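In what follows, chain A forms one complex with chain B and a second complex with chain C.
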Partner chain A sequence: MKIWVVRILSIIGTLVAVFGFEFFMRGLVAQDQSLDYIYRLAVLAGLFVTLAVSLNLINGITGQFSIGHASFYMVGAYAGATLTNSLYKIQPLGPETWLFVVALGGAVAAGIAGLIVGLHSLRLKGDYLAIVTLGFGEIIRIIVFNQPFLGGSFGLNIADKNDKSLWAVLLLAILCIAVCRNLCQTPHGLAFLAVREDEVASSAMGVNVTRVKVTAFIVGSAFAGAAGALLGVYDGLITPDTFRMDVSFLILTMVVLGGTGSITGSVIAALLLFSIPEWPRFMVEGGKPWQVTGATLLAGAICLIVSVYLVKRTIDEYHGPQRTKTLRIVGIVGGGIIGTVLLGTVFGLIPVLANRTWDVGALRMVFLAVTLIVLMLIRPQGIFGHEEFGWQKAMKALRFGKPGANPT
Partner chain B sequence: MDVLLSPLAGLQMDFGALPQQLVNGILIGSIYALIALGYTMVYGVLRLINFAHGEVFMIGCYAALFTSWAMGFTATGMQAAKPPTSNIVTLLIMLFVSMAVCSLVGVTIERFAYRPMRNQSRIASLITAIGVSLLLQFGGQLFLPPLQQNIQAEVNPFRDTISLTLRQAPASLKQEFKTASLAQKAAEERLAELAPPGALTSELSPEALEVRERLSELTIKSNSLRAQVNDASVFVVIQKGKLIMFAAALVLMIILRHIVLKTATGRAMRAVNHDFQSASLMGVNVNRVITYTFMIGSALAGAGAMMNSTFEGTAITPFAGVALGVKAFVAAVLGGIGNIPGAVLGGILMGVAESLVVWVGLSGYKDAIAFVILIVILLFRPGGLLGSSAVEKV
Partner chain C sequence: MTTPLLSLDEATIKFGGLTAVNKVSFDIERGDLFGLIGPNGAGKTTCFNLITGVYKPTSGKILFKGSEIGGTPPNRIAEKGICRTFQNIRLFPSLSVVENVMVGAFLRHKTNIFSAFLYLPGAIRETEQFRAQAMALLEVVDLADVALARAADLPYGKQRRLEIARAMATQPDLLLLDEPAAGMNPQEKEELHLVVRRIRDEFQKTVLLIEHDMRFVMGLCEKIVVLDHGEEIAAGPPEAIRNDPKVIEAYLGEAV
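Right, the complex of A and B next:
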């Protein structure tokens, strides 16, 4: 009985939080039109969380190496756009309810695509499956590129867009997280984990490997498709270039960086990786973007390399108490920052380095790439590894330093 | 379905143009093969898809470009009073610099990005490779010339073409064309006698007007006959530079084959490919073998980059490596990844398949054909065309 109370309370809590956030954001936008951009970022962040968590279901939880997730995103987007363009005028539902229809349509279309790819996963393993999913994504993109009725390279316009759909995006993300989390706690989910650990052994234990793999592909791609449909309706324009291979790689990176199989990891990595390229956009000084000189850049690069080397060596080879280890790492990072400032001042005396400047916005993708490499070098198993960071962990973390205080 | 198949309605198969397209495909395929070799060698020893290989190729393009600039082949240099002239030595210097820079970059990437990841899961190395690839693309965007660049056409001294006729047009048709063109020439001469060049119509005598009218008729006739002769005969036109490119690619592949099969390093590579653990237990210096592999593979990419941007005249941008890298990677998988002859075969098949798609008239799908072939191959022969264990692998 109690579990139902918790369930209902958490659903109500989620709804309140989502709509509260929506009204807060709308209030912000109503106050200052330029904050529309923030609203957009929130929508995109929500979509990337959905994408990362749904890919995690395929990649992390079931262990099928898929790197073509952007194709499902794309199928959903085009399905949703076509649906809206052809049926929106004659539908009796309001624009809010229509979002559900669109998301469902995108999910169904992408689910079918997922079924097609998932069937291949029965024959292929590892790298080869990865290559097929990648190729599938590119083929779909190029076919759409050459179809005049889908807008070709110019993209498809959606006349009846709904740019107040943050709540739907957030609900989708939370639904996706909830489905994956709850799946992992049921016997069905154990079958998924078993397939990841050892396919042969799990099939010997009576797991229907075929069904598990295909289900994972269908569910994962359906969520990606729903996300795509919402993107199309929010933006009002989708082009094949929005769904290039880079997007697939970015989503895959979110999953691996968060720790394959860890849903919380995927969420946090998605937010992190999505926001890193966006920060430089807000680094403005007197209305102009920050200028980075060659001196700062060189100093930063040198200090980064040195401190990454030292941190990695500390992690791998230092065997003292945990507290000293943490302190050392903090010290190295702090030293790196101070070193950057000092070295930057010294290099600033060299005219060649001091005179060459870049807008900080031009560096955004470089930041992303560097973060990726550094995080992978320092923590190859991802931020959370296979672990989850749930309420229990949070409780434990809050009572840090008092062992035995946690009755669980 | 009708809508999806609509482009098929516009199919055009001109069998006279087929040999030309096949030759083009084989020539560009040799470049794909050079780059595919780098993917396949690295996969062979490390089981890692080296996503940064396309960017190594891109750096090779820029190395060749800057070398050509250093030798005076800039846009302004070509308009100078005494523009530099190019010869085989220029090309060899560019090739050497490009290969050297690429091997350096490849070895550096391996040492600092891949080696620390070697004991981790393969997907972690893969993500690092993606990171390195992004870093090189966007870092390149910061430091390299902003617009797309081309190596000056004058760098290539072998721009003249050779033409190979496979089927002659019927003799009667050729005779007719000859007569028509002679008549046209005669009329031109007559007109030049009657009227000075640049004369206005009002100044012309009636006879000159008549000759001029006849001349325009004759020109139309001889042009249409020329088109008929061209349609009836089958010929292949190749730029000499591209033949040299193909020959150089072949020479490099033969050298690679020699290294792999006949030298101690090559034997060590094959051993590591066969079994990483046992090879290191048997005293093979695995680190050194991997360094050599990256060095050779990247040097081949550098050679491909230099030849592609010089002889094919492809534009150079910091993102030039992405599309070509993907194609070369597909070529490597097509032939059986980890397999050297397979990469060569795959590269050439890729080139031919692409030009066939263009020949059929579906040039919009040129980039998709790679993946279609790939998926079909993987579904029916997952090891690739030559991917069975019977073939020597590296």
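Right, the complex of A and C next:
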């Protein structure tokens, strides 16, 4: 009884939050049309969270090394687009309800693709499976590229697009997170984890390894497909180029960076990796983007290398109390920032370094790459490792909750 | 006469030209504490792999409760009621101790995966039920105090006992232990001895175990089969095995 009350309240809370955010964003766009790209960023962020969490189900939780996630995204997008173009005009549903139909259509199509790839995972492991998934992704993309009825390289237009679909994207992301998290809390999820840990032992314990792997592929790719379908309907145009191999790698990087197997890690890493290249867009003053001089960049690079080295050494070799350790790391980071400013001033005296300037925006991909390298050096197991971060831990960290208290 | 719980009838497996297990036959009755011994490379673990479906016998029959199980996939065999431990420990290293045991209980799940996706009350109840069962089993093997530790962090002897608890969680009729005492010190062996006896007497399981340590097997098992080079060279109670010239020859080399 109590479970249902909590469940219904949390669903209502989620809906209120999602639609509240939707109306807030619409209000923002209505005030200033140029803020439309923020709405778009929110949509893409939601889609990438879905993609990262769904790949995490395959890659992190079930341990099947799949690097062709963009292909499922693509299958979903084209399925959704074809569905909309052929049926939207002759069906009675409104544009909002139609989003559910499209997402479901994309999910089913991508789920079937996931089944096909998943069957290969029965015979292949690790690197070999990775090659198959990669190959599958490229095959799908090239097939679409050469099909005139799918628009070929020009892509496919969706006449009835719905560019107010942020709420649907957010609901999909939340559903994906909820499903993965729920799964992990039941013995079914333990069976998935057991397959990741040791296939021979889990089958000896009666786990049907075949079924677990195929289920993981189907569910993971179905979520990616639903995300793709929503992307198509939101943008109104999809091209094969949107789903290139580097999208697969970006999603994979999100999973690894967040910590394989950690759902919260995937979410945080997806938001982080997606947003880092966007931050410089906001670093604008009076219509002119921020400039950095060669002196600042050089100083920053030097201080970064030194601080990363020191932080890494503190983490690995300092065995004192946690408090002192944290303080030391904070000190190193602070020292790095101060060092950058000081060293930057000194380098500023050298004319060659002081006179060469760049737009911050032009360096955004460099920032992304540097962030990745630094994070992987400092925390190779990913931001969260195998851990989850939920209300319980948040409460514990804030010292509010009773130890062992369960919010659900 | 009642049908034996497990019966091997001239079970044979060949890998290319090598006959790893050659026409081995023995019957295990319900409630037996059965030992399978032999020098290195005698085919003991291969025998286990035949029984648990890892390999399919080239010829011969393996009957469990009177029905043929040779070549059935391992997970189906676990469902039928045979569960094993491994010679080189195969736990789920990054899962916690209690989660390891819960995986063993998984094959008795009643809820389907959709109720797990939606975390319906049925799935929650089942999770709690499995957790309670797992904790009870951890009591038996004396690991309840480390239930939340990562399995990989346990010392060797405890990992061995955890494997037994995990196999017990499938509620098997026949428990196969592959060198459970390997690498244990005398005190740990003594504890293991008690655990295995308790599994048989209290939980009424039938146990088939492979072991190198003669004293351990002789003190524990009531019936023993000796393999050498894939062939069965002796069978019978411990006293008979101890004095069997063929066994002595296999273990100590030819008599001068």
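Everything below uses one rule, namely that the second predicted complex is superposed on the first by the 399 of 408 C-alpha atoms of A that agree within 3 Å, B and C clash if a C-alpha of one lies under 4 Å from a C-alpha of the other, contacts with A are read in each partner's own complex, and residues count from 1 in each chain.
One rule holds in what follows: a residue touches a chain if its C-beta (ideal position, glycine included) is under 8 Å from a C-beta of that chain, and two chains touch if they have at least 3 such contacts.
The structure displayed is predicted, hence computed values, not measured ones.
Touch criterion met: A:Leu257 reaches chain B, while chain C stays clear of it.
In the superposition on chain A, contact is made by A:Asn208 with chain C only, not with chain B. Contacts of A:Phe389 after superposition on the shared chain: neither chain B nor chain C is touched.
In the superposed three-chain model, the partner touching more residues of chain A is B, compared with the other of chain B and chain C. Judged by the touch definition given at the top, the superposed model places A:Phe21 against neither chain B nor chain C.
By the touch criterion defined above, A:Thr186 lies against chain C but remains apart from chain B after alignment on the C-alpha atoms of chain A.
Using the contact criterion defined above for the overlaid structures, shared-chain residue A:Trp290 touches neither chain B nor chain C, since it reaches no partner. Of the two partner chains, chain B is the only one that A:Trp358 touches; chain C does not reach it.
By the touch criterion stated above, A:Pro380 is placed in contact with chain B alone, chain C being left untouched. Of all the residues in chain B, the ones that touch chain A in their complex are 3-4, 7, 47, 49, 113, 116-117, 120-121, 123-124, 126-128, 130-132, 134-135, 137-139, 141-142, 322, 326, 330, 333, 337, 364-365, 367-368, 370-372, 374-375, 378-379, 382. On chain C, the positions that touch chain A within their shared complex are 52, 54, 73-75, 78-79, 83-84, 86, 90-95, 99, 102-107, 109, 111, 113, 116-119, 121, 123-124, 126-127, 130, 166-167, 169-170.
Chain A contributes residues 3-4, 179, 182-183, 185-191, 193-194, 197-198, 200-209, 215, 219, 386 to its touches with chain C in the complex. Per the touch definition, chain A reaches chain B in the complex via residues 65, 120, 123-124, 127-128, 131-132, 134-136, 138-139, 142-143, 145-147, 149, 245, 249, 252-253, 256-257, 260, 312, 358, 362-363, 365-366, 368-370, 372-373, 376-377, 380-381.
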